[in-house]
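Dropping a structure here in structure tokens format, bear with me for questions.
Read from first to last, the chains carry the letters A, B and C; within each, the first residue is number 1.
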Amino acid sequence: MNAAQPRLIDHHCHGVTASDLDRVGFEALVTESDRPPPAGCSALDSQLGFALRRWCAPVLGLPRHADGDDYLARRRELGAVAANRLLLRAAEVDVYLVDTGFNGAKLLGPPEIASVAGAAAHEIVRLETVAEELGEVTAEGFAEAYRERLAGATERAVGVKSIVAYRHGLDFDPQRPTRREVIEAAARWLRDGRPRITDQVLLRHLLWAGIDRGLPVQLHTGFGDPDLDLARCDPALLTGFLRATQDRGVPVMLLHCYPFHRQAGFLAQAFPHVYVDVGLALNYVGARAEAVLAESLELAPFHKVLYSSDAYGLAELHHLGAVLFRQAFAAVTGAWVRDGHWSAGDAVRAGELIGSGNARRVYGLN
Amino acid sequence: MNAAQPRLIDHHCHGVTASDLDRVGFEALVTESDRPPPAGCSALDSQLGFALRRWCAPVLGLPRHADGDDYLARRRELGAVAANRLLLRAAEVDVYLVDTGFNGAKLLGPPEIASVAGAAAHEIVRLETVAEELGEVTAEGFAEAYRERLAGATERAVGVKSIVAYRHGLDFDPQRPTRREVIEAAARWLRDGRPRITDQVLLRHLLWAGIDRGLPVQLHTGFGDPDLDLARCDPALLTGFLRATQDRGVPVMLLHCYPFHRQAGFLAQAFPHVYVDVGLALNYVGARAEAVLAESLELAPFHKVLYSSDAYGLAELHHLGAVLFRQAFAAVTGAWVRDGHWSAGDAVRAGELIGSGNARRVYGLN
Amino acid sequence: MNAAQPRLIDHHCHGVTASDLDRVGFEALVTESDRPPPAGCSALDSQLGFALRRWCAPVLGLPRHADGDDYLARRRELGAVAANRLLLRAAEVDVYLVDTGFNGAKLLGPPEIASVAGAAAHEIVRLETVAEELGEVTAEGFAEAYRERLAGATERAVGVKSIVAYRHGLDFDPQRPTRREVIEAAARWLRDGRPRITDQVLLRHLLWAGIDRGLPVQLHTGFGDPDLDLARCDPALLTGFLRATQDRGVPVMLLHCYPFHRQAGFLAQAFPHVYVDVGLALNYVGARAEAVLAESLELAPFHKVLYSSDAYGLAELHHLGAVLFRQAFAAVTGAWVRDGHWSAGDAVRAGELIGSGNARRVYGLN
């Protein structure tokens, strides 16, 4: 890391696998698809694949752009434990905020990541997972049981997260559901054997309970895996909800946002509690990270933009997020300084805010 | 202004405040938000803020990138009257078309701007404001009274403007409402004590009355303040209305458009009466003005693109719009000429069209 | 063509006119509008017009950027036959896949194009045209008659194409209509005198019949002529249909996509059978081809992106598509190689896939 480069807090990522991976297992973690590529094709033939070979191969002692087979052979030779350590240490991230709500038990969690990376790590609690893990509960008692369970689950957490984008779409009724509606929805859910929660009323209830909890609320927006309907994940669809929550003093963190990051930037400009990132996108667009990062720095004030990787499973993705962000931020703002648009001091200050200062302030990280 | 740079007509802006401003008052005019930034943060930590300090500070005799406090101290020292004069004169804009429909009475209007700037200025009349200022009227007489009042209000105006995007969204029924519907809607409006007009039927009636008036009709599209729902401000939602009006010979001017300027460019390509600008956006994206301007020059034919600032309140914004447009246009087309895509002569010609020629033709300015 | 440049298969274009064209006729083919430009303006004052004068003029023996009148005079002097030959030969495209479903009889078809261009050419059959050309048919017999006719019409074709985007929008019910629904819809269509098919049920039936046929299914998405409603042509609206067809083994080719090419890229990433191009767009954005092509290479894996021109009528457009693609691809990936993001070998390999390899694999071309 260059002395002039900003310190980083990765305000949204997932756990890391400690398993050794074969080609199929590795490729499944570098694509949003849940199916194999066409015969004869590789998921590594993508911006993410090229970027991974470019930036991670040297960390494992290989030349830049080492091919996929060589990379995987080297990774197996080192073992996942050593590879994770090399990749996470070299990422030079100070703090990881880890969403533990998806396959959390199968992956290294916040304490292990902290130890492997030589960093701090805190937990982000997924609102839907807390509900689905509730013990015995009645429809009448659902709201109170959820409130208590959420309070317990977030005792040491620094934020909560909603995946209403996946479960319903962001085009939900922005108003808090009534007590009566929640009881009826809970009754349906219990009667149906407590399936994965996709009922709009329950999802809205969980989200509003997240607001009530008072910690920053992260929301998945934009692209993700094939479960979601991208046209319903435009963060601009949250406008009514943002209007309804703007005077609560609870930060709303719009995650990923791509390809709607300009819409998200407007929301960060217009509403006092809205923050944005282009995590996930920077990794997936690789050589285009500069272009996408620059677009994310249009309307969003610089005290409203954060760094994240949204890395899941592979330590490569935690590493790549940090490297691509630093490289892209330096290139983009360096050009603005060179062309006289920004002063050099302003570029450093914006980098500190976006890299870590905003996260430190919003999540209350000493 | 460089000899090779195009003359400018600012085809859409608002008035200028003649009041001296404190930090809070000034910051409120450099953001679309209607609330203060988070504690310890400044609205000037944004592309607009950085661009303003970059380009306006030297006009007031300060170094580039002077900090916000120094800038405001200097501005107060000069006084708003002198600062306005310096900023507007240095903008070197030939003609301002001024929307007087929002806080018009509190701001310098077209004649004052003309005098301060040493330029010409004409009025754009806001369709909704004219309706809300109607005198005593009956439901039955509404349409005729509006027609007469609009005729009077636009006697010397060069265009009209609709803010149906704010009041309803652009997803309105494209057909002209019937006489019966207008009477019923007017009756509701009168019964409710003549509130701000948000009734879709009345808004559509005003818009069609604007078409009937025959002057160019400006439409707010794209981002703006938090009142609007961005997802309903995509100009592509106007397709039905554009189809219904395309043979009327009345130009429809799509304002701002960001982040839907590519959609707007398609409409300008497809429909004979559609024109576009990325005013407002260029100011707000600052160092990204080149990128956004370049995107606005994709599908829209060059006889369909106009310059505007959409500046409101601060003469800084009228100044910045002109400077950023000239700088961005020169940089973008200069690169195309250098790379052999465009001839130098074509670049000059396109600059003349977009800078002033199209506005001159469409608004019938001498 | 530079030795390092990829071979090209134009996987979606239309026929070429063999008529000599006057200025009005020529200009009508370089715009998506169906009306003349404003008085005193020319459709050639556009990115497409500037690019055409830049790249096609030298092919006809004129200097770069020759003006429109000189270009047309030279074209008439040569005659359309000679001009077509010069332009198509210089395009150096190996294979053209020609959609014959729109004015096919008035234009040179696949065999003539093959002969003029010194290339191979195959047919793409338009699903709606086949239905509209059915002979005597009953409502009960419609589905079977269509199936047979489509089988016959596609005997030597390499793909089919749907224009449901134009006829309805991409926001159609993704499920296959029932036999009963198809009979009823066919009965309505027959009763109405067999108009252009715009009935959603029939359009869905044709599309599913295309899937059943087993050849790659091309879908118009994104911008086009003023018939379409751009807001309803976002390929993300196809998500349900893509989910319903993803295990059929039939490739779905999203054509054009602009300005939704990032959404399309996500679909290509997420679904195993989805492919994308930015044909049409590259021609229309001219000097911006690099920017748009780069955006199309973000989420889409490189085994999922194809080259096309979507050229219609003018051999200039078939030529321009190839030239702009090659130039833009070399510039974009060249910069990535220079900046160390990609290896030179990977750039060559990606170019081969996108230029022709993917088309060869998907369409089963020798």
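In this text, contacts are C-beta pairs under 8 Å (C-beta built on N, C-alpha and C of every residue); 3 or more make two chains touch, one makes a residue touch a chain.
What you are looking at is a predicted structure, and each value in this text was computed from that prediction instead of being measured.
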item	value
Fitting chain A to chain C on CA atoms, where both chains share a sequence, rotation angle to nearest 5 degrees	120
Interface residue overlap between copies chain A and chain B, same or different (over half shared)	different
Whole-Å gap between the CA centroids of chain A and chain B	37
Residue numbers of chain A (touch at least two other chains)	none
In the complex, chain C residues that touch chain B	31-33, 35-38, 40-43, 45-47, 50-51, 54, 64-65, 223, 225-226, 229-231, 258-259, 284-288, 291-292
Residue ranges of chain B in contact with chain C within the complex	234, 236-237, 239-240, 243, 246, 262-263, 266-267, 269-272, 294-295, 297-303, 336, 339-343, 345-346, 349-350, 353, 361
